């Protein structure tokens, strides 16, 4: 095993001169006002050891990273029938494109683009009120991280709702194809809330650890999903986790990952470790610029790429 | 190490009742006339041991699987500047779609869709006549497989040329954006010929072994590419190797792979083995139906998925 | 002048055996329950003479025909700046396509597709509450037809609102590009209400008469728009009035016209007459099948095509 | 009848200060080297009187204006079955877009976009060698204009062929859908040649006169097409004659017209006159900037708009 603490320290140090690069999301004030020079990294290996550097314990808005958790929940409730409602192919267009939906009659290509995550929210709602579904998601993430302090930032959820015209368009569009089973307001209520989860790098890495450890969280001993399902969620993260930059991330980093516009990325080194990074500045695909770079450095130093030792 | 001979035998046996499923390509007579019940599998581990079953030593038209080898050649000649000419993102549309080219001004999304492989042929042509470039490709594949009997089927190349209107459209379209540097006829001459390579599963698995072994062919001791480049080619195979079924293949099989309409698939288990399968019947994404299934069974039995042990 | 009464009688008689052809809209109960064998035609010449046959005095839901009147109102309020908000090119895709909006950053191609009419509703709202804007539209149509009995069917408006997911998607999508200046609910309130106007063929022909008479309504003596504006609205009706069947309508009928999914069509023979037809069955472009045919017969018999005597 | 000579003189004079505006086509040297300050206009009324100004007797490359004549020929040979091969709806996208072809399986939307005119060339080829078909087109235009000096510029045809990658892409793409019945080289041979016709404004206005006079050329007494067909060709010119600027041309000018990238436009005032203008500078839709303006002025001064007196 490489000396992970030395590696995260080195990454943190090397990136110091570049902090602030990229362009942070500014479509809601809560994201616009985040200090662009924040940077955190947390690595938790499958033995449960944690290595961190920088602002690894400062909470940030995980945004689309939460889609990994809602997908896991939906798969738990609906099993493979989930794929009747959402595809699992890379999207090949901008992350919020509505065009693809028209060509495929309202079925989103994968669960990690906005439309797909909205369909997943609809699945999570089954048998629940929106409040209950949101509660279930929060409890699930707390259970994954074994940390009851994790919470949704209500101001972020409110701002997302107030400015989320594109998501309202997507949801209404899918609804016009009878591809949502709950009212648009309910579905988006769930969606906007889970995107507003605030977590630290450490919490996020803990939450994703089951994906690195064949479905079982070594910190708690809980089996979250089967070995096969863990692999499959990792496959989806690798092919679809970074919008239209997924191919580039696979090429450069070689790890399954899911990014959020808040600047966070959760990455999984199967059999090795769970990693969370955070840096608010985004690249032109909407993924954290320095976060991607940090993961590229980490994969290089550790040889954790899934594509070869 | 699992008992690989037992596994390939079992896969071969289990698929017997299903031979002939799927729909073989019939756009040229040479593919239409292949026996649809052919099935072969060859696994070569990184120690150089070969395990095979069925028609593993019957040559077939490798078609688009050859794009892995031309990409490797182009990267050898042009390095990372290759990516100025072709992207590395999954395409999100049918394998021969011209629409995407219009939106991105003639730059194909990745080297494994037809347009991208045509751009790669243009790169391989640099400094060569078409005849020389074709010769170089054949020599390169022979070198990879350490087998001088590998050859192009001239009848297949001729038929491809005679019916390849879509590829002529793609090449002329790219040329209209000044994205090809050689005459369309020359570029397509190279393209149609490398797609007409005839190989057996054993030969194909040998040719891809360097990708499983960090860039070095353990059979010959030759270092073909750097460790990093091997990983990167594997990443491209995983995200883009199966046209619009790439996400599904990653989900079900979890190995980098490249398919051809002749029914062949080359798959790579990094650090473990190179695998070639062949069954002519295709699924609705244009990838070998039973070939994909055989690889799914193999990955399941061996635990070789890159997405988790 | 041809014997118009004889012509409308003949058209009415010839179409008797075909009544019920086409497929009536059924997305809301109020349209689904209309007798599919209804057929009405009213011609009013520029001298004010009316010729009619069939159910010319039975009210029906004019739906998108109303877009001609809201466009006229918007042009009255905003003049040529209207075109900063909506284009004037044929759309080349299905009438409610959202794809085009993405390519042109939320600016609809013309005022007669749904997205464009929603943009026009936003313009009509300027300085008004939704209730006031709806009142203004009703008063304007009554003024055009010189008939104070014209009214909106509130049940239709309610049903449109309850099922209008596609329109909610379009409006939210435009809003996401900052292309609407009022709340989506307000804009769509206006839109759903003007589409729910109930009118007879006679009333509709009277309302459109100003377009046939260089901008001045010969029945009332009111100048509604300038001569140039009347021509321009006619031009838009000809190029864009029948969704993706506009070219076919121009080819076969040769008159500016605007159709609605309720089965009504308003057609204008410049310098000659205003014509309204109604037959609920639609063709595959969403335009009245027998209504189009009736207009083709009328144009043939009268020589009114704008494309040659 | 307005004083047409005074009007054309006035237009010519008023545009003097603006000569050279717009951007002339430069994709082949023969177009790039034309004096950008050339301007000609010729009006021939249905009584056969000619009014002209500027460079009305200087030949220029009519380019796509020729599509009106090949369509007329194809309709003469194939009648309404022509529409099995090409649609008649405005295209709603750039004039040479290949995207639309993919969505409609190789059937072009209308005969005036490049793909559609290539399909028309295929129809004109029926029963002919390319040389014969080209000869037939030249004879037809000479017959229309009653002028045997009209000829194809062979240098232009050659340059078009040498640089016409986009058209090769379109033709091969249609061929891949079995939508061409002759070899691509033959079809494009015809296409490139008819686009290379060189004509003066006077010749062009004479050639189009049959469309203004219900199908009969008043200069020669020949009936070229039926009254109905003349109307229908006019309808197609109005809805589709100016690529993605057709709606704008209808709005501003109100006459059927067909433009070419050489800067020529043929416009038809049904029952009144045929008009040809020429000015090399193009607007952003690829239509003559000052030519369009001249026609707008002419329509305004004469009241010839088809949309109202």
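Letters are used for the chains, namely A, B, C and D, taken in the order the chains are written, and counting of residues starts over at 1 for each.
What we mean here is this: a residue touches a chain if its C-beta (ideal position, glycine included) is under 8 Å from a C-beta of that chain, and two chains touch if they have at least 3 such contacts.
In this text the structure is predicted, and so the values were computed from the model without any measurement.
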Chain B to chain C, fewest steps along touching chains: 2
Chain whose mean Cα position lies farthest from chain C: B
Centroid distance [mean C-alpha coordinates] between chain D and chain A, Å: 55
Euclidean distance of C-alpha centroids - chain A vs chain C, Å: 47
Cα-centroid distance, chain A relative to chain B, in whole angstrom: 32
Junction residues of chain A - those touching two or more other chains: none
Inter-chain touch pairs (all): A-B, A-C, B-D, C-D
Parts of chain D lying in touch with chain C, wherever the complex brings them together: 87-93, 100, 109-110, 211-212, 214, 227, 230-232, 234-236, 238-240, 244-248, 250-251, 254, 256, 270-271, 305-309
Complex contacts: residues of chain B adjacent to chain D: 97-99, 102, 165-166, 168-173, 175-176, 184
